[in-house]
Amino acid sequence: MNNIIEMVEIGRRFDRSWVLAHMNLTIKKGESVALFGANGSGKSTLLKILATLLSPTTGRFQIFGKNPEKEKSFIRRHLRLLGHDKQLYGSLTPLENLRLAARIRGLDYNDKIFESLLGQLQILPFKDQPIGELSEGTKKKLVLAKLLLGDPELILMDEPYPALDKSGREILGHLIHEWRHEGKTLIIASHDHEETIKHVDRVLTLQGGMISS
Amino acid sequence: MKSKVILIFLILFFAFAQYWGLVRAPADRMMGDVYRILFVHVPAAWNALLLLTVSFVGCLLYLLRRKEFWDRLAHSSMEIGLVLTGLVLPLGSLWAKPTWGVWWTWDPRLTTTMILFILYAGVLILRQLIDDPVRRAKISSAVGLLIYLNVPIVYLSVRWWRSLHQLQSSPSTMDPQMVLALRLNAFALLGLAVFFLVQRMRLLKREALIEEKESLPPPLPRGAQS
Amino acid sequence: MTLFFQQTVAILSKDFLMEYRDRSRLLSTLLFGLLLLLLFSFALSVDPALMRKMAPGLFWLTLFFASTLSLEHSFQKEREEGRWEGLLILGIDPRALFLGKLLGNLLFISLLQLFLLPLMAVLYDIQLSWTLGTVLVLGSLGLSTLGTFYSALTASLREGQFLLPLLLYPMLVPLLLASVKVTELVLARDLFGQQVAWLKLLIVFDIIFLLGSLLTAEFLIDR
Amino acid sequence: MIHGGWEFVWGAYGLTWFVLTSYGFSLWQRHRRLSKREKNSR
């Protein structure tokens, strides 16, 4: 299984407008790809389809060689999506949020692992404070920590930079570097071309719901 | 064109059945002429139940097969079943007033029918609120399934709760003319209901096609692809 | 299978923790229940004998209305900040999510019952017994099953919250009838053993809808 | 034996016809509206 993603003629229609059309895309294992394009060019939709959170209107695709209609849970277990939403619970602490995510993933971690994760992201001091009281930058770092639970093969990132502060960006850069070193597959959708291009093998540009080169 | 011919035939057959019920069937020994209401009331109730059963099958098969056809069947039969259920209720009242002296009693069948009406009306309202066709089909099939499962339980519970009258004449004690009139009317109404069903399903299919066409067609593939 | 239960428990304990940290929801629901009991007695009668006769019906209606508030909330809170999708992408089994929410609602409704029951006993002068306890458990299980199902449904719509009572209450008719009847019979010292049939009906209702909604929950919860 | 009551019978039959024709009419109207939309979308 060399290709981690194979998409054939994928299209997605919302109500009356096509957001994606004729999307043919193959991504090899270990590749790292940047996804550029203006707002509304379909980047987020593409990533959501890849994450099995949206089903395409037309076309077919495979992830890890599996059919996403039939093996949703397998695919979801092996990928991570860093989306726009933080998906955190405000009245729980960072530690509790991580614990919840790990238990749903089926990971049997103890608090030491969570603490070392938080330490790696430099937010350990906040571990017992409800998230609602923390700054945006801290929350975003916690979201990054959630990505590190388990051992994903494919990491999808939708605009990872805007909400991160300077240290957050540095950490993310470091993480990306490590992921590439470990042979993970990355897709980064971003407006920040300069920052992104440092980390990728290949650039795809979306225009009007299609890939143009 | 063909459907017009069929429709005219169905209307004629329906009128004929009604004529039979109104004129040819003899007056009942107990109920006089009032019992003729049963020739519309009972067929309407039978057909309503039949259509709701069809919609249950549609819901089930949609969830198993995920083919739009079954969702269209479920939706259409639900709608027509609801219209008939809405017809059965006032017809029942028109029957209850001269025979029992009241417009409404908390009879198990009446009560169950009323609850049925509200339940299915709820699903049709629900359908209006979901834009995405696939999600709409999935959700309303799931709900349609549960509702149908609830019907016998509602009936049973209401019957235990308050069993007042059970008026059901079995065909064997009825005049053969009456049986014939009842059957004629049942089949005539069934014919119309099936006609409506087919038309409604066609409408749904056309609507889906138009919506697809109205959405800007996906641009043709061009240029280099990765 | 163990993962399924682990996920169920994770959802349940998370919801429990959240409700515990923000107790305003529980408190306002309890107050609303108290208020309903008072309103019913104002609107209907002040004759103690009559009130005692109507107590079972009033109790269950109060429970229905008051629990609607928390049922609505149970999936609504997952809608903010993309938490719902967040859970899905973590690979949660939709049925585990459903079951976790169901157990949470059951817990909540039981608390509500525990609060309302002594109040009823004092206000309407009724006596408590084991059969009554059984009915309360069976009734609240059915209520939370269908309540969770429709809460998941209406929360997944963009504007569907107002539909919850419209869709939920007619489905609960058998549950209401059975629970009220058994409660009545228990309070009137049922001499003819009629309550057994009603209890069976309650059990059948609970089983059918527990299975039915577990099997279809996936279609409501996953996209 | 109940005598008369024909007004109820007529009411019932009339109502049946009314409901069925109105539903049929509404189907026909939806059909026409769709045809119009089809023409416009072309």
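Points worth noting:
So that you can tell them apart, the chains are marked A, B, C and D in the order they are listed, and the count of residues begins at 1 in each.
What we mean here is this: a contact is a pair of C-beta atoms (placed from the backbone, for glycine too) under 8 Å apart; a residue touches a chain by one contact, two chains touch by 3 or more.
In this text, all values refer to a predicted model and were calculated from it rather than measured experimentally.
When the interfaces B-D and A-B are ranked by how many C-beta pairs touch across them, B-D comes first. Here the spacing of chain B and chain D, counted between their Cα centres, is 14 Å. Taking the mean of the C-alpha atoms as each chain's centre, chain A and chain B sit 49 Å apart.
The distance from the centre of chain A to the centre of chain D, each centre being the mean of the chain's C-alpha atoms, comes to 55 Å. The mean-CA centres of chain C and chain D are about 41 angstrom from one another, to the nearest whole unit.
Chain contacts: chain B has residues 214 touching two or more partner chains.
Residue numbers of chain A whose C-beta contacts span two or more other chains: 55.
Residue numbers of chain C whose C-beta contacts span two or more other chains: 223.
Interchain contacts (touch definition given at top) occur between A-B, A-C, B-C, B-D.
Partner chain C is touched in their complex by these residues of chain B: 63, 115, 118-119, 122-123, 125-126, 129-130, 135, 138-139, 141-143, 145-147, 149-150, 153-154, 156-158, 160-161. The part of chain A that touches chain C in the complex is made up of residues 51-55, 72-73, 76-77, 79-81, 83-89, 91-92, 96, 100-101, 103-106, 130. Of all residues in chain C, only 3, 6-7, 9-11, 14, 17-18, 21-22, 81-83, 85-93, 222-223 touch chain A in the complex they form. The residues of chain C lying in touch with chain B in their complex are 146, 149, 153, 156-160, 163, 166-167, 170-171, 173-174, 177-178, 181, 197-198, 201, 204-205, 208-209, 212-213, 216, 219-220, 223. Across the complex, chain B is touched by residues 11, 13, 15-18, 21-22, 24-26, 55, 58, 202, 204, 208-213 of chain A.
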